[in-house]
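Data block below; observations after.
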Amino acid sequence: MAEFTHFKKDGSAVMVDVHEKPDTYRAASATGTIQVSPEVFAAVRDHTAKKGDVLGVARLAGIMGAKKNAELIPLCHIVPLTNCEVTFTTDENTNSITAVCTTSCVGKTGVEMEALTGVSTALLTIYDMCKAMDRGMVIRDIHILEKDGGKSGHYIYQKEEK
Amino acid sequence: MAEFTHFKKDGSAVMVDVHEKPDTYRAASATGTIQVSPEVFAAVRDHTAKKGDVLGVARLAGIMGAKKNAELIPLCHIVPLTNCEVTFTTDENTNSITAVCTTSCVGKTGVEMEALTGVSTALLTIYDMCKAMDRGMVIRDIHILEKDGGKSGHYIYQKEEK
Amino acid sequence: MAEFTHFKKDGSAVMVDVHEKPDTYRAASATGTIQVSPEVFAAVRDHTAKKGDVLGVARLAGIMGAKKNAELIPLCHIVPLTNCEVTFTTDENTNSITAVCTTSCVGKTGVEMEALTGVSTALLTIYDMCKAMDRGMVIRDIHILEKDGGKSGHYIYQKEEK
Amino acid sequence: MAEFTHFKKDGSAVMVDVHEKPDTYRAASATGTIQVSPEVFAAVRDHTAKKGDVLGVARLAGIMGAKKNAELIPLCHIVPLTNCEVTFTTDENTNSITAVCTTSCVGKTGVEMEALTGVSTALLTIYDMCKAMDRGMVIRDIHILEKDGGKSGHYIYQKEEK
Amino acid sequence: MAEFTHFKKDGSAVMVDVHEKPDTYRAASATGTIQVSPEVFAAVRDHTAKKGDVLGVARLAGIMGAKKNAELIPLCHIVPLTNCEVTFTTDENTNSITAVCTTSCVGKTGVEMEALTGVSTALLTIYDMCKAMDRGMVIRDIHILEKDGGKSGHYIYQKEEK
Amino acid sequence: MAEFTHFKKDGSAVMVDVHEKPDTYRAASATGTIQVSPEVFAAVRDHTAKKGDVLGVARLAGIMGAKKNAELIPLCHIVPLTNCEVTFTTDENTNSITAVCTTSCVGKTGVEMEALTGVSTALLTIYDMCKAMDRGMVIRDIHILEKDGGKSGHYIYQKEEK
């Protein structure tokens, strides 16, 4: 039966011991979406093209957030990422902006949390920059898209699994 | 027409100048939900009661994350919070856990972002602690519940507004 | 009966809400001692006078550590200190070095933890700089010396109280 | 004769150059004790069992503090820990709580300081959470228990060595 | 005679005690220039207009760096800035880019160091982003432009004063 | 033609992917100078010899700043440095103080930025500690002196190259 890896038998929280694992290539990508008002959507799209670059700021924040993952998530290991990238796609039918954060390392533990923290920070930054226009924005559907490497191998998110 | 407050006319990003605003009481609360598998839901619920305390760890991470908000969100001001609290409710019908983060300060700018960052960090921590059991968890519906204080006054989230 | 201030009735941890407290002057001092070998004691004393300044490095580390207090202690508030000072006295009879850290702020909450974190960081830094000579050093007797301000008023440590 | 490793001949502080050392497994454990009043001792023991979990919060703080070691101790290297664990034992005869922090890495330098910083942060957190009940608590006997790996090999603390 | 404010009579470093100072408005601006090759200059100018936004990234880094000032400069106070702005001007005759960082607070101590740290971080970020093209870039002429508020009053940099 | 490595074809900023690079020894040194008034110069020189150690504080700040490089420069990788050293030379003819920061790692990416950030932080710290005497100090000539290792090999700064 599946068990927590972050707790010992007596229930106390631990950082998982990974010292016996080999240094191997690991990669992950995570996604998430922010639902905005039509007004905000137009402002992000048009200012990005012309002047104020909401997505440029959010991209940087996402990359810097991914680097801070081990400071934020209590039991995560410090992982020197070998790569971090944040991309956005905008959907004008739904007035939503979707972020994807891709991370990699050569190490003893995976980088899913770095990708998830990168996505979350990027979306929160969009919220911050647009909240003077609309406080009703909603961040949704943050999850892993895919991860590779490590003992648990390749994983691809299946939308239907829930 | 509504405009970005984080950009100057030429499109360059700025931290909004708040030095002329009075120090007043401001409060905010934000929420978000993580959708987990039945197995994870049972493990969180039962280990919390008995041994491993996933929500206790996530609560701490949320509070500490809220304090780190100005390091994560590029254009946020440093705000010495006067209060930060994270609570959870669990719904066994949907196998979901909902976090609420409440923040306050006496200052020149609001604390919505602190509340949102607190909620996000708490939910990401739940993800981290349970991901060995299930990588298909999804974080959803992160938004402001309510905020008060400041020039824009009282705001309550209206679900139907989108 | 005395009660925890960092827990709610249901046992969940919170940052204490201080928003209704006035901004008043608060000060604290804390102390602690590191017991070293005669060899380390002589090296610290002589290098400080002549060349390598162990206590100068430890003093800086203590001041910077006090500023980081709210990042380290989960439920502490962010407090912009108005003062931080670390002093050392050396006792050659016992080969021990005693640090005192003094802190102050004008705010809604006290600065005892900042003083204690400052002392601890200073003593740990002495340990780090001397550990190649002796790993058997012991840090002892870290406690508040005195604090003032706030609802609980003036407190002076009484050695006999335990 | 033993010498400082953190100073050059002219007395200026340096981070020790470790680039020629191989990456090897290194482990350390450190301990420390907080002496509390009978009232605090009972509250920690009973609230832990029932509601407020002082030691659970302190454990997390200790693990996160160990990860922050290189930010706190000026001349320490950044070490990606492969493991970090904090445990507590309580002694009702002396009303004291003893923490042990165990750390490991595969790297070029040891992890004693990480273990010591983890212990110190855990004990300071207990102080913070209980200080509304009693300000006279004393932290004592922080030292290395054991370390292994690296050029200096295996070390076990000998109580009588001072 | 002028004296250090960051040292006590015995030479030990302290954070200056400011608790008796009133909270007043203080502002500062600092500048600095990076000298680049013609190739880098063209790339920054053209990519900024079209695609890669070196100055947009550097602006964000400067603002975030200013917020981190008290973590970097050992004896600086934590200052919640009320404003931070970074602007750039480019000079194609000299292939140089000049940054100006403007900061303000309502507090007990000035914000010159925040402005200087903001400028330095912005210029270092330009260096980082362009160093694959040219490692010979030089950062020069970092100084305060102007500061206001506090006991020392208004100061304007005079180029001839050296 | 030379190109930015920190931007993708569409202009979005990325952390460069280094996961395929081998772990090799890399070293760098950077320099910079602060021009001060005769009064400040004398105070730094004499207090250093006798009492207040401006350069000792600046050296520590430089080393700790170099360790924080990846938090400050948005697209830099986290690099566990194997060495960091800051030295100063003073020139009484010109009333200037020159800092050199030397860094190394065994990794997949270079440490030039760490050396530059170390130098900048050290010089800013001198500014901070002396600014009560003279606000007209100027930091100048920050650049790489030399770097080695990695695909781009050995580089030595040539003063005439601009």
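Labels A, B, C, D, E and F are assigned to the chains in the order they are written; within every chain, residues are numbered from 1.
Definition applied: a contact is a pair of C-beta atoms (placed from the backbone, for glycine too) under 8 Å apart; a residue touches a chain by one contact, two chains touch by 3 or more.
For clarity, every value in this text was computed on a predicted model and none was experimentally measured.
Student: Taking contact as defined at the start, I'd like the list of chains shared as neighbours by subunit A and subunit C.
Tutor: Touching subunit A as well as subunit C, we find B, D, E, F.
Student: Pick out whichever of the two, A-B or D-F, is joined by more C-beta pairs in contact.
Tutor: Answer by contact count: A-B.
Student: Which chain's mean C-alpha position is the greatest distance from subunit C's?
Tutor: Looking at centroid distances, A is the chain farthest away.
Student: Pick from A-E, A-B or A-F: which pair repeats the contacts of C-E, with over half of them the same residue pairs?
Tutor: Copy of the C-E interface among the listed pairs: A-F.
Student: By how many degrees does subunit B turn when fitted onto subunit C using C-alpha atoms, rounded in steps of 5?
Tutor: So the angle, rounded to a multiple of 5, is 120 degrees.
Student: Measuring centre to centre, with centres taken as mean CA positions, what chain is farthest from subunit E?
Tutor: D
Student: Let me have the rounded angstrom distance from the C-alpha centre of subunit C over to the C-alpha centre of subunit F, please.
Tutor: Comparing mean C-alpha positions, subunit F is 31 Å from subunit C.
Student: For subunit C and subunit D, what's the span in angstrom between their mean Cα positions?
Tutor: For subunit C versus subunit D, the centre distance works out to 15 Å.
Student: If you average the Cα atoms of subunit B and of subunit F to get two centres, how far apart are those centres in Å?
Tutor: So the centroids are 37 Å from each other.
Student: Touching at least two other chains at once: which residues of subunit E meet that condition?
Tutor: 12-13, 53, 56-57, 60-61, 64, 68, 71, 74-75, 78, 80
Student: Could you please write down every pair of chains that are in touch?
Tutor: A-B, A-D, A-E, A-F, B-C, B-D, B-E, C-D, C-E, C-F, D-F, E-F
Student: Using the touch definition from the top, list the residues of subunit B that touch subunit E in their complex.
Tutor: Interface residues on the subunit B side: 8, 12-19, 70-71, 74-75, 77-80, 107-108.
Student: State the interface residues of subunit F toward subunit C in the complex, per the touch definition above.
Tutor: 53, 56-57, 60-61, 64
Student: In the complex of these two chains, what residues of subunit A are touching subunit F?
Tutor: 25, 56, 59-60, 63-64, 67-68, 78, 80-87, 104-106
Student: Considering the complex alone, what residue numbers of subunit B touch subunit A?
Tutor: The touching residues are 2-7, 9-13, 32, 35, 37, 39, 43, 47, 50-54, 57, 60-61, 64-65, 68, 71-76, 112-113, 116-117, 120-121, 123-125, 127-144, 147, 155, 157-158, 161-162.
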